[in-house]
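In what follows, a structure is listed as structure tokens, so that the remarks can point back to it.
Chains: A, B, C and D, in written order; residue numbering restarts at 1 for each.
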């Protein structure tokens, strides 16, 4: 049964990215994780100057280069070819992670497997796998940025909630996330737990609560 | 009674500096403390390239500028105007002290009030004074450089030994010094204590021992 | 559009509160943010903790701030220098608190504050008076002292060149404490000798990336004294 | 006269001993010292601990070194990447040891090794599987993990430009781990794309001062793959 048949329209990946971008003010320093978070950069309104940080030593990351304009030495943390905007700079890994861990980023937008009502985030490892673990910069970003927003699907492919009372996946960081953007809703994480800010067009509270693994509070 | 009258010739400040300089091999990275150590730079043989480090962010420090050639932005840790040699570089204080504390300097030459037979050095504070203490980079240098050599007068103005069994002055660092150059001798510090390498012309062992506050061993 | 330039020193120092910890760049007279220190005197904040390598000389700048009774405590490595008369007198009279820190530990504590490292071990000062009361632990067979990060509420920095994004470059030994204090300040205020027009400083030679900088004021101050 | 240039990769890697910890610069294919890695394969040292952000791809470079059974352990933040087949197979077979380290902690541990900081606290990884067995202490109300410096016996670095004093500059994102690994290596070996003739690289734009560098070999390698 598709979402459209039950009467509401979940957001697509680009719509989710655009929804996040709308909330990023002019002048912020922002790190964008891999996946949907990366797409956020393309949706920053043109009247705002947002400085994108990439863990591998860039501030002022710009969009992918046009064909034939690739600088093979200029990649981002996702190992994609990128460009550098005016006002950007290059630095080494210790300085780059000083920006992250020293609380200098206004915002980090991450993907996740699960987010808990107390702000715990799980986005780096899958339980019970024999593959090698790989963490990259996920833990540094989750702990270091002034704000951590997550953008993800509201539920797993088989309908299990990703917004949960307590993470079942291995934690990336405890109590780190303050806002979650999903294909169904925008939810703040406060002392009270999940607080609903916005729903996808046509969606009702009860249906959203049903797909959420912890109590949803209505915004006051 | 002058030293000359007892039949030997103590080294002057420039001679002490020259004596130290003679032992610094080509290619070493060296930090020179204030006073006689600073003079060492002028005595490096011209066929050797020794890179002088200054705590305030210079590698490749050169001599004082000629009159009219002063760059007011270029000073050393002693706040004197200096020059920069080809191959030099500028960096900030944390990087500068990483070079010191991370064990990257081949040598540091320091002045001292006292050096003990176990390598302890006291060169930053005078006991029982009501003036404010001031340490600068002394403790970092004494602890961080691969070798710490001291250059100082063998005795105080009133004839008390500066080479002692145990420092009476507040320590700069324990067990740091491996060689002492004085106006009377060159002395290594080994597991056995003070080991005499060289004496001023005309000086005899017994007289030197008399002016030294701990047993002197003859070099094997 | 990002533009961190403000029009005056007064604007640059707006909001500095009583009781603040103020990091002041410079080593000797070089790289010292003289106009910002004068501005701080004007601005009026008191009960300050000042972090700087030296404790001021003569009757101007930091020395004047101390003379006016606005500095509760100074954290520095070398308070005693030619002409540090104001500090010496206040110190002897017990009217200013002094925390003496080895220069490398001072630099590392500032960098740690900027880098999100709350505490670290170092061999410097182990076994000396300056380690008294501090935790000591052996690493690689040598005793090391636990030192804490040293963050500032405000950092006052002098740069040689700045652009509107707050990217900074310095001139020779004017770099000194400035880049690490810029990292360690909650509010980082810069006076710059020169302005780099758009597109800003070459990204390969930026020393302090703009993310560490909040406000910049253009002060073609000229050569350092001394 | 100081001249750190050597004539060949073989000369650059002379003396690398079995059992060494080898730091390998680069992030993705950019800034990776490919010629030195190939040289290490030739050179023959075994029982190595390799520290690198990634665990090699395809059948060349680091992957080949692992395939030849020369790597006992790898310390990295992200071993799983497109084409990291050799590592994955060795890992599943229990034939290689893995120490997984958050990327920022990896960078900070390397920098600490170079800076003489034997250990430091960080909030990263606190409350996660990667903090298991580590000392935890609260700072500013949050738990922090004690991490140790990560020195190398050898560091392999790629630079864009080098001079005879070993001063280095990099190109855009080729900087990455190279400057901090240069600091952390007991023997730091550099392959450089270009040589800066005397009087060397402008002192204001040197990124890695020559004091951190032991040997340099000129390899006009060309663009990174990928």
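Throughout what follows, contacts are C-beta pairs under 8 Å (C-beta built on N, C-alpha and C of every residue); 3 or more make two chains touch, one makes a residue touch a chain.
All of these numbers come straight from a predicted model, not from anything done at the bench.
Peer 1: Chains shared as neighbours by subunit A and subunit D?
Peer 2: The shared contacts of subunit A and subunit D, listed by label, come to C.
Peer 1: What whole-number Å value describes the gap between the mean CA coordinates of subunit A and subunit C?
Peer 2: Centres of subunit A and subunit C (C-alpha means) sit 35 Å apart.
Peer 1: Quick one: subunit C and subunit D, Cα centre-to-centre, how many Å?
Peer 2: About 33 Å, centre to centre.
Peer 1: What whole-Å value do you get for the distance between subunit B and subunit C if each is reduced to the mean of its CA atoms?
Peer 2: 29
Peer 1: Please output the residue numbers of subunit B that touch at least 2 other chains, ranges allowed.
Peer 2: 84, 90-91, 94, 97, 100-101, 144
Peer 1: Return the residues of subunit C touching two or more other chains; collapse runs of consecutive numbers into ranges.
Peer 2: Residues 108, 111, 115-117, 122-123, 170-172, 203-204.
Peer 1: Every pair of chains that touch: which are they?
Peer 2: Chain pairs that touch: A-C, A-D, B-C, B-D, C-D.
Peer 1: Touching subunit C in the complex: which residues of subunit D?
Peer 2: It comes out as residues 108, 112, 115-123, 137, 139-140, 144, 169, 171-172, 203-205.
Peer 1: Mind pulling up the subunit A residues that touch subunit C in the complex?
Peer 2: Against subunit C, subunit A makes touches at 26-27, 29, 49, 51, 53, 59-60, 84, 86-91, 94-95, 97-105, 144.
Peer 1: Where on subunit D does subunit B make contact in their complex?
Peer 2: Of all residues in subunit D, those touching subunit B are 1-2, 111, 113-117, 163-165, 167, 183, 198-201, 203-204, 206, 209-212.
Peer 1: For subunit B, which residues are in contact with subunit C within the complex?
Peer 2: Touch residues, subunit B against subunit C: 54-58, 71-77, 79, 84, 90-94, 96-97, 100-101, 125, 130-140, 143-144, 170-174.
Peer 1: Quick one: in the complex, what on subunit D touches subunit A?
Peer 2: 27-31, 55, 77-81, 87-88, 91-92, 98, 100-108, 110-111, 122-130, 170-180, 207, 223-224, 226
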